[in-house]
Each structure stands twice: as C-alpha cells, then as structure tokens.
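The structures considered in this document are given below.
Each of the two complexes below includes chain A, the first together with chain B, the second together with chain C.
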Partner chain A sequence: MAQLPDQTIHRDPQLFYWILVPITVVMVLTGILRHYASVLLATPSKIIDRPTMKEQRSLIHGQTVRNNHHVLSKKSFEARREVLINAYESGAYLKNGAGKDQAPTNPLTDPGAMDGMMGMMKNNMAMIIPNTLIMSWISAFFSGYVITKLPFPITIKFKSMLQAGVATKEMDPRWMSSISWYFLCIFGLQPVFVFLLGSDNAASQMAQQMGQMGPPPNQPMLGAGPDTNKQFLGEAENIAVIDHYSVLDDVELRLLKGIKG
Partner chain B sequence: MEQSVARPQSELAPGEVLKLAQLAPSILRNIPKSFSSSLLLSLFSASETPEIWTAYENLLLACCRTGDMESAREFLERLVLRFGNDNERVLAFKGLVKEAAADNQGELVQILKEYETILGPTTTNIPVAKRRVALLRSMGKTSEAIEALNDLLDYSPTDAESWAELADIYLSQGLYPQAIYSLEEVLVLTPNAWNIHARLGEVLYMAASSSDTLRQKHLTESVKRFSRSIELCDDYIRGYYGLKLATGKLLKDPPKVSMHAESGDWIPPDTTTTEKLNELATKKLAEIVRRNLAGEPLWQGYKPSEIAAARELLEKDSADLVR
Partner chain C sequence: MSRQQEREAQIYPIVSEAVIHNTKILTNLQNVTASLFGVAAGILGLESYAGFLFYFAFATLVTFLTYVLRIAPESISAGLPLFDTSRFFRRAVDFWIGAVFSGLPGFILTWTLFYGIVRA
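This part shows the complex of A and B:
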C-alpha cells in the first residue's frame, strides 16, 4: 500500500486560542465548581442511635462468642449460650422491640432510605446539569471545527470518536474536532483535579460513575434489607449446635510436654 | 523522636511522660498548624501523615499529666481545626482537658453535666461515654460508674476496653464473680491475649482465697489460665509467677478426691502434675531472674519491679525449704 502523503490542513492559529484553551479551562473550572458544590450539598454522615447499634453489635457479639467459645469454661459458655439464645429468639436486641414479625420496611416510605436516595439524586444532578450545559454550549458554538492534530498516529477506528461532528471521509483520524476534545477532557482531567483539589475530590465524573456501579455492599439501596430478626434466629441456631471444647482442657499437660520437648 | 511520640503510651512512667511533655513546645513550633490535602499546596508546606495526629493525642495526654495546660490547649486547638468541633474523639479530648484544668469538685460536677448533655438519651458517642465513666470513677462514685458502664456495654457489647474497665471496677469492689465474668468477655473478644489470660488467672486466684466453697474450682481454673498465658507467650514472667503461686496453694491443701466433679467442671490436676508445674515455674522464674540480672541482652525487657517481685518469691520459697 502506498504511503499516503501527510495531510496538511491550514488552520487559523487563532483556533487554538479561542477553542482549545477555552474548552479546557471551562472543563477544569466546572470540575472545581462541582467539587465545592458536592461538598456543600453533602449530607452529614448519619449518627447511629443506640437501638441500632445495639442490634448490630449484639449480633457481632454472638458471632464472637460462637467463634471464640474455646476460651471459656464449659459452665461460662453454657450460661452465655442460654442468655444469647433466649435474647435472640425473643427479639430482645431488636431495634423496634417486640415488633419482630413486621414486614420489611418499604424503602420508599422509610426516611433512612430516602436520605440515601436523595444523596444519589444530588450527585446525579451535579453531574448531569453541567454536562448538558457544556455539551450544548460546545455544539452550539464550536461544532464542525477541526482544531488540532494528535502527535501520534492512530487507526481508522478512532475516526468516529475523534471526528464527531466532522463528516469528512478522507481525513486522517489524527485530526480532532472540538467535541472530541471535550470528551478527552472528561476522561483525562482526573489527575489534574487530584493535583488541584487533593485525592478525595468530587470533581471527576469518572469516579462518581464508578461509585454508582457498585454501591457499598452494607447499604442496600432499594428493596428489603436483610431481615435482622432472621439473622438473629440463624445465629441462635448456630450457637445452639456448638459442641463445646475448651482450649484449657489439657493445657497443663501440653505445657509440660512443650517446655520439656 | 517521632517514634516514641507516636506510640501508645498508657504504660509510661512519670519521668518518661515529663520528657515527652518537654518535647511539646518544639513540636508545636516545627509542625504547621494545618494541612492541605491538595498536591499543589503541599508543594509549599509539609505533608500530613496519620502519625502526626496520634502524636498530637499522645502529647496532649502527656501535657495534661504534667500540667502544661498551655501546650495541651494548643494541641486541642489543632485537633479541632482538623477534625471539627463535633468529632466524637475531639469532644472527649475537650472534656479531658477541662478535667485536667479543673481544680475543685464543683467544676468537675459541671463537666460531668456537660458530658450528660452531650450524651443525651440515645446518642452513641462512645469516647465521651467512656470519659464520663472515668470521671465518675475518679470522683469516687463507683456505683454510678458501674451503672454507666453497664449501660454502655448494653448497646456496645463488643468493646473489650470497656469490659476490662468494668472488670477492674468490680475487682476493686471485691465482686469476684462479676469481675471474672467481665474478664471472660474480654477474652471472648481477644482470645489470644496472654495478659488477659494471666489477669483472669490472678482474679481467680484472689477469688479462691476469699471463698471456701468454690476454692478448688477457682484454683484449678487459675492454674489452667496461667498455663495458657505461658503457652501463648514464652517466658512470660507474670504467667510463671502466678503459676507458681497457684500450684503452691494447690499443693498445700490437695484436692479432696470425689469432690463435686459433676456439671462439667474441670477436675484439678493430679498431684504429680501440679508438682511438675510448680517445679517448672520455679525453674523458669529463677532462670529469668538470673539472666536478667546478669545483663544478658535478650532478657532485659522485664520491668525491674517484676524481677524484684519474682526474686522475693523465690527467696521466700527457699527460706521455707531451709526451715
């Protein structure tokens, strides 16, 4: 295949100053603005009240007793086993006391879940609104310009990505239109934001999109959370079936053997 | 210098604390007041590390202990600047500094009231709840402290520190069964802590000397606890010391056979085993004392007071033998 001659397009050098630089600057500024807006809008992390904490920690307590039962003597373990099973089965540790047969709360009416959803909404809004604005701004003012040439060769597949808005078949894919520069900025400015705002900034959209893909596992978004009462009953069963042994059973014999041997 | 400043320092002797507190002014001068998380600004100033905040907390405590209230307030101010006024730990430290500065009972009562308003009926501010317990205890209101601790442990039963404190308070009141229960809870949470095993052994030993009915049972378990602590930590002087005491006591009045061995209690070890254990403990203690006093480099980690106690025990023992 014959080597194609290098395409040269005579561009007005002013294009660089009036399109490339403004788009970049605007992108950086919106990033910074978004960071501070999300700091302002952030809901303070919720403080757990006592019943909730009691519910969570009692479950953990039961699990630790089950896992480490071997440090206790048989009698102490039996006493704890009885207390724990009774409390678990009667629902004494439950957040809302005796109401243990209640249906799982509807997430749309539960104010706790609503808070989480509001947070998501705010994040989404902070992302969507500026994006739409800038997008329409760019396509209104700068669509159809070829503004720069990448300093490295790339394959033909990139043509549709880099030359969005410029429908010229023969043009080398290295030429970029303003819309593609905008997309490059979206994906490429993360290190700049880290440099300017610190590593835990909220400016980058990429990070937020990542965050949305996997919500934190201990915070079920919609649908019923795990039924705590069922967890308690399961734990009660686990504790009930333990065949108790103690690490102290033959410890003095082990000690004598170990030290001598 | 940074190293010792950033280490937890609950065990420091007064002299060491004084040394630490004297470092405070120079540290305050050398480290800037606040940090920025941005890379751009950190080009111009020192960067923030987690150790600094630990060091600040430690120095704050040291300054409170030595009465350097000015530096203590400065540290507190920096912590407030970084973590905000409503941070749980910061609230506790604020109270602590006030406690250290208070010089009469009235002010302490005032601080106590402040803690209670912070805590309210349903908040879970554990650092402040612990401060309240500590303040109640140091004001001599032991029963209220016990009540507050039990309240705290009701909603946070996985807090080993609180269980240990509760055990200590119960022990100071001579309530052995309660203290034993609390220490067992600590062990459930930290199953391999040899110091807690040894501590439980000590409490069981004390309980054995106080009651006659459960004497045999407590002594047996005490021996087992000490053995376990040695098993977990070789050359643990407290474990050997307790083992020697407990086995010695078991040997003095040997277990009556056909004691109530029902209900899954441990049967006391037979006499030969007990003798062997006692012998082992004596030998080990003697070795530790000898090597420590001879200045062998790997045997210098013991506290002088522990060595002295072990020596005294050994001397008493040999004096008994001579007689």
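This part shows the complex of A and C:
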C-alpha cells in the first residue's frame, strides 16, 4: 500500500483561541471547582458512642500487640497477653455486657453503615457528573471539524473514537476532533492538578480513587457485621500461640559489632 | 520470608510515610519537567520517534541529576556502591523508570498543544 502523503490542512489560526484554549481552561477550572466542592460537602466523621468504640479499639489493640510483639520485652509482653486473653474470654469489652452469640448487625438497617455508603456514592457522583456534562457540552458545540494534529502516528482503528464528527475515509488518524482533545486533557491534566492543589485533591487520579474507596476510620464497621465475640475469641487464641522474641534480645552484641566495624 | 529476613525487617523497619514522601517529591518533579519538555518538543516541531526520544532522554537526564545532586552525597558517604538508591527508595526500578513514565501524559498533552499552535 502506498504511503499516504503528509496531509496538511490549512486552518484558521483563530481556531486556537476559540476552541483549544477554552476547552483547556474549562477543564482546569472544573477540576479545581470539583475539588473545592468536595471539600465543602464532605460529611463530618460520625461520632460513635463509647461502648462501641471500646469494643472496636480493644480488638485493634489485640491485633497491634500481635503484630508488633517484637518491640516489647518479654515481661511486658507477657503482662499484656494475660490481661488481653482474660478480657477477651470473659467478654469484658463487649458492648452489651455478657450477652454472647448475638446476631450480626444488618448493614442496611444500621444507620451508621448507611452514612458510610452515602459518602462513597457522593464521591462517585461528584466525579461522574461534571465529566458527563463537559463531554455533552463539547460534542454539542465543538463537533464537526478537526482541530489539531497529533505529533505521532496512530493506527486507523482509533479514527472512529477520535474523529467523532468528521466521517472521511482517507484522512490521517493523526487529525483530532475536539472530543479527542478532551480525552487527552483528562489524562494530561492530572499532573497539573497534583501540582496546583497538592496531592490528595479530589480532581485527580480518578481511576485510583474509584478503586480504593474505604470508610474513614471512625465509622462503625461496614459489611456483614461479624459477631464481635467470635472475633475476640479468635484474637485471644492468636495471641496465646505467639512465640515471643524481642528485637532487644541481642542488642548489645549488635551494638558492639557496629562499633568495632 | 525466612525468619532471619523477618527479624532484619523488624530491626530496621521501613516507615511508609517516609517512602510516600520520597516518591511524592520525585513524581512532582517529573510531572513539572515533563510538561515543560512538551512545550519544548512542540515548539521545535518534533515528530513521532524524535519526540519520544527527546522526552525519554531528557527525563532520564532529570532523574540522573536528582540522583547526583540529592542522593549521592548521603548515599556514597554511607558506603553504598555507585548508582544504588536503596537508602531512599525501595526498588531501583521504581526510581529510574517509574518516574519517567509518570510524566508521560503531561508531556503528550503539552506537546500536542504547542505542536498544533506553532506548526499550523
């Protein structure tokens, strides 16, 4: 197949001032607007009552002791082990006193969990709606012509996506319409947002945000509401089987080796 | 992970906040310089392969300069071999190659913009 000659299309220089720059400016501004809107609309973290917090925190305490047992000396670890195992088995931390084997809390009726889910949905909406609006605005006003040329060649398959309003058979896929400029901007403006707004702004890294939504730490747990008593007993067993050693065990030998070398 | 390595990691722990801080600095620098390189490539009118080569060469230069000016003084005085970034970064490939690719979208954006403006 003969190589297509280099196609140059003579374009009105005003095109840049009226199309390229406005689209870019609008996208930057909506990104900033979205960030500040999410800051203002963020729900304050819910305050949970003390018995629930005691329950959750004591479980976390047990897990932390288990994970970091190596920084404690043997005596302090043993003391913690005694206290924790006794407390877990006697149910001293449970929210409803000694009532064991309770039904797990249903997340749909538990009001705390609903708040967590609403927060996540709000973030998702805040991301999707401005993008959809801008896309429809661009395709309404700026369709039917090509704007600029990509500096590097791409395959013919991209033509249907990137040259939306212009249906020609022979035009180089390097010529782009405004929708493709919009797509380029989405990816390319993320570093700009990071630079302008600091690195945890709401306007950037949209794919990463959509993948990693987690409830903030002060909320009651989401999910199937596992039976807390069983969790405590499991944790007690885990702590009981730890073979303790401490990083302080041979520290004097390491210090001497370090000095000698 | 063997018992020995586990103990090593506990005696000399890796603080995640410090790692995040280091990578943040590096990616910030790469993003800003990538946009500027895009402006330069667009104004020079570089086409496909030449443009990408330009970007990779200069991004590697920027990474190398950060190594020489920021990492080397501390690292070599602590006795680590040349080109070893393990004092500040977890894996060498993260440092040398990951940062270069993180600036690529910004480069392409400004490259296309200025190429279109300058070379009508």
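Descriptive notes on the structure:
The definition used in the following text is that the second predicted complex is superposed on the first by the 167 of 261 C-alpha atoms of A that agree within 3 Å, B and C clash if a C-alpha of one lies under 4 Å from a C-alpha of the other, contacts with A are read in each partner's own complex, and residues count from 1 in each chain.
Definition applied: contacts are C-beta pairs under 8 Å (C-beta built on N, C-alpha and C of every residue); 3 or more make two chains touch, one makes a residue touch a chain.
Model, not experiment: these values are computed from the prediction.
In the superposed pair of complexes, A:247 makes contact with chain B and with chain C alike. Contacts of A:74 after superposition: chain B is touched, whereas chain C is not reached.
Contacts of A:184 after superposition on the shared chain: chain C is touched, whereas chain B is not. Applying the stated contact rule after C-alpha superposition, one finds that A:58 touches chain B and leaves chain C untouched.
In the superposed pair of complexes, A:49 makes contact with chain B only, with no contact to chain C.
In the superposition on chain A, A:194 makes contact with both chain B and chain C.
Greater residue coverage of chain A by touch, when chain B is weighed against chain C, goes to B. With both structures placed on the common chain, the touch criterion links A:41 to neither chain B nor chain C.
In the superposition on chain A, A:151 contacts chain C only, with no contact to chain B. Within the superposed three-chain model, A:26 lies out of touch with both chain B and chain C [touch as defined at top]. Residues 70-71, 194-195, 199, 247, 254 of chain A touch chain B in one complex and chain C in the other. Within the complex formed with chain B, the chain A residues making contact are 47-51, 53-54, 57-58, 60-61, 64-65, 68-76, 78, 194-200, 247-249, 251-256, 258-259.
Residues 10-11, 13, 16, 20, 24, 70-71, 147-153, 181, 184-185, 187-192, 194-195, 199, 245, 247, 254 of chain A are the ones touching chain C in the complex. Within the complex formed with chain A, the residues of chain B that make contact are 36-40, 122-124, 154-158, 181, 184, 187-189, 191, 197, 221, 223-225, 227-228, 230-231, 263-266, 269, 273, 276-277, 280, 284.
If you check the complex, the residues on chain C that touch chain A are 7, 10-11, 24, 27-28, 31-32, 34-35, 41-42, 46-49, 51-52, 102-103, 105-106, 108-113, 115-117, 120.
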